[in-house]
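Take this structure first; my questions come after.
Every chain is named by a letter (A, B, C, D and E) in the order it is written, and numbering of its residues begins at 1.
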Amino acid sequence: MNEVTKTVAHGATQAKSPIFPKLAFWGKIKQQRAAKLSLMVLLLISVIGIIGPWIAPYDPTESNYEAFLQGPSAKHVLGTDAIGRDLFSRILYGTRVTLVVAVMAVGITVAAGTMIGVISAYVGGFIDHLLMRIMDILLALPGIILALAIVAALGPSQTNAMIAIGISSIPSFARLIRAATLVIMSSGYVEASRSIGTPSWWIILFQVLPNITNVLFVYMTLFVGGAILDTAALGFIGLGAQPPTPEWGTMLNEGKDYLSDAWWLATYPGLAITIVVLAVNRLGDALRDIFDPRTQK
Amino acid sequence: MTTPILEVKGLCKLFRMKKGWLQQPHYVHALNGIDVSVYEGETLGIVGESGCGKSTLGKCILRLLDPVQGEIRFQGNEIGKMNKNEVRAVRRNMQMVFQNPFETLNPKLTIGHILTEPLIAHCVPREQRQALLEETIEIVGMSKQHLSRYPHEFSGGQRQRIGIARALILRPKLIIADEPVSALDVSIQSQILNLLQDLQEQFSLTYVFISHDLSVVEHIADKVAVMYLGEIIEFAEKEKLFGRPLHPYTQALLSAKPITDPDDTREQIVLSGDLPSPSNPPEGCKFHPRCRSRMEICKVELPKLSEKEGHSVACHLYQSFAAIDSS
Amino acid sequence: GTLATKPDTDEGKKDANISEKKGGTITVAIPSEPDTLDVHKSTALSTEGVALNLGGALLYRDPQTNEVKPHLAESYSISEDGKTWTFRIRQGVTFHDGTLLTAQTYKRTFERAMSPEIAPKGVGMVLGIIKSIKTPDDQTLILELNEPSATLLTYFTSASWMQPLSVDAVQKFGDQYGRNPVGVGPWKMESWKSGDSITLIQNDAYRWATPFFKNQGPPRPDKLVLKLIRNPQTAVAALESGTIDIADLPAKDAKKFKNNNRFTVLEQTKRGLGLFVELNLNNEILQDKNVRKALQMAVKKDAIVQSHLQGEGIVADGPLPANLFGYDQSIAQYAYKYNPEDAVKLLEEAGWKLNAQGIREKAGKPLHLELLSMEVWSQPAQLMQGMFKAIGVDVKIITLEGSAVDQLTAAGTFDLALDGYVADDPDILFPFMHSTQIGGMNRSAIHDKTIDSLLEKGQVTMKSDDRAKIYEDLQKRAVEEAFWIPIYTEKRFVVLNNRVQGLMLDPSGLKLYQDVWVK
Amino acid sequence: MKQYLLNRMLSGVIVLLGISIFSFALVHFIPGDPVRIMLGEKATKAQVEQLREQMGLNQPLPHQYLTYIEKVIQGDFGTSLQTERPVIVEIMERFPATVKLAFAGIGIAVVIGLTMGIIAAKYKNTLLDFMLMAAASIGLSLPSFWLGLIIIMLFSVQLGWFPIAGGTGWKDLVLPACTLGVLSSAMISRLTRSGMVEVLSHDYIRTARAKGLRESIILFRHALCNVMIPVVTVVGLQIATLLGGAVIIEQVFNWPGIGTLAIRAISARDIPMIQGIVLLMGFVYVVVNMMVDLLYGLIDPRVDLITEKEGR
Amino acid sequence: MDNVLEVTGLTTRFSKESGTITVVDQLDLHVKRGETLGIVGESGCGKSATSLSLMRLLDNNATLTGSIRFNGKEVLTLSEAEMRSLRGKEMAMIFQEPMHSLNPVLTIGRQISEVLHEHEGDSKAAVKQRVLDLLTVVGISRAEEIYRDYPHRLSGGMRQRVMIAMAIACNPSLLIADEPTTALDVTIQAQILNLIKKIRKDIGMSVIMITHDLGVVAEVCDRVMVMYAGQAIETADVRSLLRNPKHPYTVGLLQSTPRQRAKRLHSIKGSVPTSENKPNGCRFAPRCDRVMTICWERNPVFHPVDQHSSCRCWLFTQDKDHDQESSVVGG
């Protein structure tokens, strides 16, 4: 009796435990120096995004009426802008804005894209055709135009930029996920699972999803870079976050009229964008190298 | 005589191929009127060249694919007409082992989890699961420590054992083994074949054993069906078939099989040409373009499978079966 | 507001003979592309700047005496009651397509502008005052007005909006007339590359230049290219590389050319309010005069001038600029000064108390206002946002395209809106402040009897001194009621390559090319 | 092959139909009454209603759509609310500039990208490879408008080598085309490199080596042809995107192309214009894709197989 | 001597991030003119690595030591250019996967004529005629048509024939066939094996036939070398190997091949060691039925057992103290 209870308890932990196993993930990442470096940079940037408001020397929207367009100095490390705001503080605050917009946008993309992709691949047939033709149609319009049209419809604001960017990359994301799901669907273990009589929801949940998480993660990272660039681009043409929000693209837009008078205005936000995007992209690349089904055997 | 545990009659399967919206779809005749039956405790071997429809047959029996025509009776019940839930219930008694042990195990799940899946799918009470799990893993020659590991930690032979354990855990009556040893090295292959034979004895299993390797089939099967382009062209007990193959194709197949005997002096029949594509098979007997003893009739008329003394063959040479005695 | 002419260079004085050469091309940057050159279908500055060169006006305002004199009309007379205006049209004036200018042309031009499909888009509204148009002969044009109008006279000096259109061309081109305008002006339309440039060529039949120009014949250069350059930075580079000859630049960029002997910088104070804030009086919060006054006192206008205009502007105290007729010289005495402390006091008095977030609150409602702005005013808007924040007023900026701003203000769904105007006459305040204009340009929804009657009087009073007095009273009233927050009058800078000589600037900021020649 | 192209064309038409529905639906998504925009602020209600009637905006939606499509097929894309000129005329005036920029940019990108990619793959895992790919990574991470601004600052403002007056002459073309080229080449070079590395690891390359072929033949005949397949796809996609207007770059460089037109139309809510541009982009996308498919057919003899797979 | 190929002490190492691994270890072999040598062994034992080493076609991360003498020339010291003129002309190779070994975007004709252009430099017309002849020789009937066709249109057997045509285009003196029939069906395998046998006779070349199927060995080879975990463990002429295998591994291999007669198959326990965890002593020791103490301690040397065969096993080594290292240097 005692024996039996013991094994049952053991069995329960067996069956429950690692539905999402450890992936041997971090070990692999460590192997990749680039990944490590970019991860560190990203971590640093995220920390700045979180604590930026506390370490910023000035209020990012407060003008110093005595200091319009001042170059970098001890008082204003990166200088001030045309209406006397501290550029350094604005860039620090902007980190959060930019990251939040980009990550939320990708969140939208991933949520919708994954759903469409997985359903399309799993259900197949007419639904697949229909969804994919819709994606084709959306793909036919350049992402930025689609985003512009959406912003035009919703009105320019940070939230709407987020939604627009999120929506505009759904088609390509959905296609990637669909392809990844199809690979999993045609794999031996899904067939084996079906042959046992496992129900569909179980297969999607425990066979398909865990196996596309890697791919999902990689694509997600790769899309974040694009989303940051798009956020900034919308800001740059004045359709993203609205002034005085210290969003980097918006700041660049404000700085573009001062290229020859105040180089720092256009230089630092641009640099900030480049560094973040570079770090995210490198991480994405490294993750792809690690998880690419082709390099992985 | 008792009724066969599995009986397949006139099974047909088409795959629709369509290149685009504009094109007329054309069909691949993967299975074309298959008749075959297995009795309890027997091993039915199915041999044939690549693409002749062996796997398709296996999948149709399990209803992983829906046949277009024909009957599949398992323990007297017609599977082809069942709905989804009934099929799932039947699968409890009918399981499959796959060719590639590297692909059929989900890399993200532990062995324990993989083996539990069928138990959950068929609502085995939670209390019994662990005991079954441990018992089964030991039956296939592994230990329960292995349950918490991931597939990539095992060698090919061990993975195939896990695959067998998964098929076995519900204690089915029938196992369809689709080339279970083709991906394995000779030295490992023999371990698995032995295991399969042991299990058959222990649980009085029935096997449908699919392979393209004649030696393996010859070793393990009781009855052998030879397939060519979606059709069974010869079906007999192993001894009869290997001892006196009737169909020219079977003869060629047997003679082409390389054997490890340096003094072997048998005459080799080397077939000319390739296996034709199943999407546009030749008229008449499908084998006639490659056949040595082809006759005029072969080009126009499809021979039927006819039986004598438990030896069936589909060939015009034996249509009256009088020829058997004379040959 | 006199004409700012380019000071003669030493070189020019020494050798007058080589001056005023013929031929050559001048290229001018324009910051935005006109939607159309059909002057009846637009009110945009971009249209005016180009159309000006293609047409001519019945009258002109003498830059020296500021008097209105006849031009395409040889003479004109206004009846005693001010309601019948008679013009004698000059003879021998031809359109670019060769047709002759007659009184009938004018009649049909005005009728077209006033037709119901076209009127809402342009000058038709101004002409609405005309009751009937008669042309007893080719040379006589008689307008019967519903009531006397001082402003219409000023309008008739506009060579762009009030120019006669070739009736044939209007018929021939139909909807496409806007791309193929035909006028009587010194320049003819040659080509229009969308998004790139508009090219005009000299009209060699032109003999009817306004008398104050030295050159009474056709313009000297062969071509005038108006090149679309949106970004001032681009314009700077283009000027330096010689791609363009003339460009309007913001103060900061113009300054760089001041010490460059290849270029000349023309400077002019714009006649009008470069920037002011309209307060929506339909808003409950803003109906409280104390709040309006507090907002007035919160704005540090010199900081805005300093940052946005690099100091090249004049702080405005009232609704009229110092360089416009009717300006009250004593306005500085009663205008509001920057005084955040007093502003705070006023708000406290009005019952707006600071809450935990530093925003004022009354009866649980925060003091939150929305400011409508356009992209060009992004800096002043943000500065003001900071200034209002300092006295506990939370302002949200909404930046929109011009037409979208118009839509919102017309619907009255805004709290504060930025605006600006350029004008020749104080009557500009009529559309901005008269109660009949609510729903139109009177965005503040000013509904004040005193103001209404002053504006009406101003329109019909023809005697200068009396008229000036009326507008002084008007300013007092407007400042007292704190309807608007006037911010500044700005300067404009035109940089031109010394290869181009003789450019004149009209008081309202338009460029006059009649005397221009290329070295 | 013919069959294959016909199929592609058919799906192209379907995409176009979808886009036409999308662009038609825009009228109903984008706030702002088109009639009001057309008539201006001061129009009376009656005038608005009358024009609304005239434009058929009171008809049921499907009917409106059909009329719209009928007109589009006849080449009538409506009239711009802003300029009152036919949309098609406006677009066609801008299109050549965009085409010029797109092809110049892609040309530069392909030359730089292929060269970099091949060199990097050839010297895989060396410092050179590392540096080239680092450059490509940075190229991918640069915001296009920022790069544009920097290039303007450097070559136009500081050095004064090239004008940026936004004409359409070749001198005006240099900077925007280079900016585009640099940006797109990053993508192409990475693709070429990874494609090259992958192809070089294929069995048939080993076969070619076993035949004793020269390295140059292996690289250019055996490897490059296979690498071109993904590269052509990406280049095709980029051309399609750029022909729809390199929106940001056109804006930065003041380039009178479709991109600036699009921004202007969108910010002015010029709905017929937006619809026209959307349709044009869809059309260009479909046509370019067809070209890419055709090229596929030339490069890759297996195309009919590819569709077979997709068809399943 | 009449050896086309003589290999002594061939060692192939791959350097990886995790360290270097030795995949071919001190391999000696020779191939006589006109002879067919079979190399058998389980997956991963280093058969392909050996053949690629002979052609020097391994990746950059491989290092080769030892000596490979081909027709009297030392292959390992040749320059890359000299090596190129050897490959395809004197030493040719065909691979396991005919599906992947042909370039999908080039026509068959072009891929074959390339070899001739590279090595013979004949006129275009002559080359084309030669290619058509070759296609006929390998049993392709519609040569003209196939010449213009692309690989994806051919079946596996056809592709392997094309590969053979390519390999024999310059009449090489050695053909290395790395599992040429593993991916093919039995009937097609028989065709290809017959073809190789015929061609070998016709042009008198030597063949190294790599396979894991002892049946294939019995069919086409004169001599066999059995490999296990990177080492040669037995060489013998075919007849004596199959009739009278020496090494326990070879014995096990032969017995585990399924036959009708045996009710139960013999099976070798365990599985092949991975290259990372090779045992210290004899590499087969953990799986061997007849393992002795010495087997765990020292790896036996490879030496002749009788006139037909050599073997690497302590069972057949009289002098058990014989020092392994010195013998290798000597051999």
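The rule we apply is simple: contacts are C-beta pairs under 8 Å (C-beta built on N, C-alpha and C of every residue); 3 or more make two chains touch, one makes a residue touch a chain.
Note that the coordinates shown come from a computational prediction; the quantities given were computed from them, not determined experimentally.
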Where the centre means the average of the CA atoms, what chain is farthest from subunit E? C
Closest chain to the centre of mass proxy, which here is the mean CA position: D
What is the distance, in whole Å, between the centres of subunit C and subunit E, each centre taken as the mean of its C-alpha atoms? 91
What whole-number Å value describes the gap between the mean CA coordinates of subunit A and subunit D? 24
Express in whole angstrom the distance between the two chain centres, defined as the mean CA positions of subunit C and subunit D. 41
Indicate the whole-number Å distance between the mean C-alpha point of subunit A and the mean C-alpha point of subunit C. 47
Can you list the residues of subunit C that touch 2 or more other chains? 231, 233, 236
Listing for subunit D: what residues touch at least two other chains? 11, 152, 157, 267, 269
Indicate the residues of subunit B shared as contacts by at least two other chains. none
Interfacial residue positions of subunit A with respect to subunit D in the complex: 133-134, 136-142, 144-145, 148-149, 151-153, 155, 225, 229, 232-233, 236-237, 249, 252, 256, 259-260, 263, 266, 270, 273-274, 277-278, 281-282, 285, 294
With touch defined as at the start, can you tell me which subunit D residues reach subunit C in the complex? 32, 36-37, 39-44, 47, 79, 82-85, 90, 93-94, 97, 152, 156-157, 160, 163-168, 254, 256-257, 260-261, 267-269
Interface with subunit E, subunit D side, in the complex: residues 202-204, 206-214, 217, 221-222, 225-226, 299-302, 305
In the complex formed with subunit D, which residues of subunit C make contact? 35-36, 41, 116-117, 119-121, 125, 175-176, 178-179, 193-197, 227-231, 233-234, 236-238, 240-241, 243-244, 401, 403-404, 406-407, 410, 440
In the complex of these two chains, what residues of subunit C are touching subunit A? 231-233, 236, 250, 252-253, 256, 300, 303, 306-308, 375, 378-379, 381-383, 385-386, 389, 397-399
